[in-house]
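Labels run A, B, C and D following the written order; every chain starts at residue 1.
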Amino acid sequence: MSDLAHIGHVELRTPKPEASLRFFEQVLGMEVEASEGRSVFLRGWGDYQRYCLKLTESDQAGLGHMALRAWSPDALEHRVAAIEAAGLGQGWIEGDLGHGPAYRFTDPDGHVMELYFETEKYDPPEHLRPSLKNQPQRYLGRGAAVKRLDHVNVLARDVLANRTFAQDVLGYRLHERIELDDGSEAGAWMSLSIAAHELIYVADAHRLQGRLHHLAFWVDTREEVLRAADLFLDHGIHIEAAPSKHAIAQGFFLYGFEPGGNRIEVTTGGYFVYDPDPEPTVWSEAERAHGQAWGVKTVESFHTYGTPSPEPPPS
Amino acid sequence: MSDLAHIGHVELRTPKPEASLRFFEQVLGMEVEASEGRSVFLRGWGDYQRYCLKLTESDQAGLGHMALRAWSPDALEHRVAAIEAAGLGQGWIEGDLGHGPAYRFTDPDGHVMELYFETEKYDPPEHLRPSLKNQPQRYLGRGAAVKRLDHVNVLARDVLANRTFAQDVLGYRLHERIELDDGSEAGAWMSLSIAAHELIYVADAHRLQGRLHHLAFWVDTREEVLRAADLFLDHGIHIEAAPSKHAIAQGFFLYGFEPGGNRIEVTTGGYFVYDPDPEPTVWSEAERAHGQAWGVKTVESFHTYGTPSPEPPPS
Amino acid sequence: MSDLAHIGHVELRTPKPEASLRFFEQVLGMEVEASEGRSVFLRGWGDYQRYCLKLTESDQAGLGHMALRAWSPDALEHRVAAIEAAGLGQGWIEGDLGHGPAYRFTDPDGHVMELYFETEKYDPPEHLRPSLKNQPQRYLGRGAAVKRLDHVNVLARDVLANRTFAQDVLGYRLHERIELDDGSEAGAWMSLSIAAHELIYVADAHRLQGRLHHLAFWVDTREEVLRAADLFLDHGIHIEAAPSKHAIAQGFFLYGFEPGGNRIEVTTGGYFVYDPDPEPTVWSEAERAHGQAWGVKTVESFHTYGTPSPEPPPS
Amino acid sequence: MSDLAHIGHVELRTPKPEASLRFFEQVLGMEVEASEGRSVFLRGWGDYQRYCLKLTESDQAGLGHMALRAWSPDALEHRVAAIEAAGLGQGWIEGDLGHGPAYRFTDPDGHVMELYFETEKYDPPEHLRPSLKNQPQRYLGRGAAVKRLDHVNVLARDVLANRTFAQDVLGYRLHERIELDDGSEAGAWMSLSIAAHELIYVADAHRLQGRLHHLAFWVDTREEVLRAADLFLDHGIHIEAAPSKHAIAQGFFLYGFEPGGNRIEVTTGGYFVYDPDPEPTVWSEAERAHGQAWGVKTVESFHTYGTPSPEPPPS
């Protein structure tokens, strides 16, 4: 068990802020909760906090930062001490819209991360008040109607170093990994909860640093993923990978690119890890060559493209 | 086989035109194709004609008319002759928005019906042009996003007389019916195609004439019916019958009331009748007492309420 | 409208009868209705006739024959006359298990076909008696639990000649077709009912005659197609094409090979053609290059492999 | 966070062992992992341990015991000390098939519970070896094909006392509860993980002790719950509550009775609680009177029947 609860929100950078906003609001169906400076804060209908996505205008696409919420003030202190001991800490910031003081640091690959505990619980305005009181927000069903942020997949030059940091310093549990024939680690799937994956590190084919592979947003059913593919199609969003089932973590996926160039997944399914002492699943190069669960071979760009990117996104 | 192809559109009367329009546009997710006088013409994304619903302001809720499209000009003439012979014809009208000359008549219970052949095929404006050319309109996924009108269920004082008219004069095929212990017919499910039901007559508990039980709109999956229930809930649409599976015709259903008071179904599923000489299924009173397919007992209002109605809709 | 109702059953040849039977019974979940000589007759739980598949031991895989049921004895006579006039008739046979006299003929490509009207309606044994009387058979849910045969896709050297025969002589309606840049027809999707496709002709890449591309069996939901993919995977059935949505006809598909080498599809969805005078959709080479609805490119074998086959099936 | 990971297995008593076994094996689709004395041990295809259900012949239906797996040996010791301090401990037992030493105790209402840590991970025989190595067992899809045990709902005379025990002594987190107008607690939904509910206490209408309301088994999709309803129907399993969506915890449900008389749920869905300091949702009597999420009113038996039962199960 970890001192950290979950990835509270992610800041995504986009060089096309208006088109990106339109995508997240109309195609993914998120709600704009607030705007501040060059950022817009968006939420899924199932988010208990005010937002899960901070969309920030920038000269390049990519990850701004990822913020992890701790289980308690004590847990927060405990983890900050561990990060400082690891030499990757950058210090406290006063907080941001919707949450209190946050400790800023990077993982070994340079992705900016924050830890925080104090947060504002979402209080919906009248027109978004739900009928069921155990639901944070009304369900409007606009676009893909994503419920919340599900997981973050980042690229790294050294997967092993970063997943070890995530395990040892942040307290993530490792559930699956890819080990190439040369013994190197090509990917690692980790979680803080019973969900099979919440944070993923995959080897950066370009050997760049601090890049993002994709953000994944959750819907409750596979039918909603299929429906999202129809929406992507008719909204002119390039589909990089049509809906199918991953072999690793068994999530059901749809991948496309938001107009700013970042890869976005709509996801559901997978399995739960109730076992407190599970043996991580290790996949060999030969096993990965079989493709996804039902044999689908993902396109080349899926294994090379990340943001910021030296080349434009596939289209 | 019949000379008639399908129910091309239905005119629905509403005493609350603005609220009804909002329901069909925002909750069912239909598109406004045109407006004319006190009527608005709406379409599902799968309609090959310009519209399937003509929503008309009126002092009372209920069915305006139901228009059936013939297979050909000859078939049209053929059926008009049969109707005239039956003595229920009212004569030709010049047509209406989107279709050519129509022959107006009533069924024995007094529901106004029309036959027509000439029609305008839908030509979408740029913002509704689909990605797949075998689809009439872009899929936007707004609200329940119904694809098209599926079937019409009307109440009648004498079910047997009306379904016999539909069979003998219009050419409908009977697939299922309810026969009460006293030998009377309480309901009849008929179709012009392999779909198990397109036109239904059910005994009017109030013994009134010309009333509507419900209009049913199609979605492709049961998941969309479940999703529609969430939308009804959060849009404040009273759910009369939560999603479940009918015993008769095995359709998957959700029933609610549009603001004008008319009962609306969101439906999918059921079975196809490929057999050209099927024996109709006859249900006894005792069999119907078992409820729907999985044992759900529909509420009393489902068996008594129709439009126009002497009492307000359940809420 | 046609004199013919639907494809009543198909005879499939297999050089591996035991393994093929195991596939249809355990993986597709069909019931063995009867055995006779070197043939086993199998049914889906939704078949109103005794069977939809006659599986026959043979030295080669491929189509034995396809039998179409007429709407009536008169319709049968009418179509037999048309076939004889076309010079492709072979004469009457006495019938086969479960149906009466049949007229045997071939299409121009040489696929053996039959027309019949008299048939035995299915009368389930006690252990297969359903709870709902409008359903032919109990639903047991074994394997993919296919409901019935849905469509047949055959290869032909000359698509145009064969689909013209199907239209003019058999009464099929053409809904979609592919026209290559050289003006030749690469595929044609036709139907006798509102279903978008029931009989398909596709150009044979090997320019052989009388070959089968695939038989498609129906399930009611996309979720059942996804579930079938998991079953194929864990039963060791090679998946040629993982579940996705076709562009043409918009059916949801899963393709694999039964042990005898024939390609089998599990399918659902698509659209209905209520329009009695639809304009067929014509796809160009460039349009087809976009892949399936969500961009999936089907593997090479999908465009070349048919049965009987000069080479073994993909594995 | 808790020292306990999850409910590892449940022992269910049945006076009709053969019929109950047939239900769990053929209708729910579980695998028999072992038999010992008067007990049969069954598993879902997603169980990482050898079994989640111990089915024991007994003179009465009801719960034998419920066994919770601790996060570690230390966590086990820690919780045992807390139970002993609470005065409800009964002492260690040597273990049972598939797991090591267990500490036996009761909750205040008298339900027998156990804590354990050491367990045998499932090692499938060849015919149950899965294709995907991150899955414990092959997916055969037999019957409802439940994946694993999901939650346990027990009746209690004093809900407050028992849920306080579960919170304070076992470390459960409270997510939802019902507070009647007289201030008493009618139900409490608790969990050890992000799943909204794993252990539920509901007031016993008969004011008996140690009774079971239901065991719930998980499937991954709502479509599988709907499919399970068809299977219940055609297997003659009485459906107490047809598939619909709960208001509390928002799970999608199907309730029926196994032949021994115990209520069984097939469930999926609901929401995840990522918030480490959530405010429990409190439902009033008036709010509960609205029925389930879409307005379904559960039948009277749902609020009164439990096992062992003074009267036979509804049928």
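One rule holds in what follows: contacts are C-beta pairs under 8 Å (C-beta built on N, C-alpha and C of every residue); 3 or more make two chains touch, one makes a residue touch a chain.
Here the structure is a predicted model, which is why all the values come from computation and not from measurement.
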*Shared interface partners, meaning chains that touch chain A and chain B*: C, D
*How far, in degrees, do you have to turn chain B to put its CA atoms on top of chain C, rounded to the nearest 5?*
180
*Using the touch rule from the top, work out which pair, A-C or A-D, shares more C-beta pairs.*
A-D
*CA centre of chain A versus CA centre of chain D: separation in Å?*
32
*What is the distance in Å between the mean C-alpha positions of chain A and chain C?*
44
*In chain C, which residues are in touch with two or more of the other chains?*
132, 221-223, 230, 233, 293
_Complex interface listing, chain D residues touching chain B_ = 222-223, 226, 229-230, 232-233, 239, 242-245, 292-296
*asked:* Under the definition above, what is the set of chain C residues touching chain D in their complex?
replied: 130-132, 138-144, 221, 223-224, 227, 230-231, 233-234, 236
*Interface residues, chain C side, partner chain B - complex*: 1, 5-6, 46, 48-49, 69-72, 121, 132-135, 148, 175-176, 193-195, 220-223, 247-250, 269, 271-272, 274-279, 281, 283, 287, 293
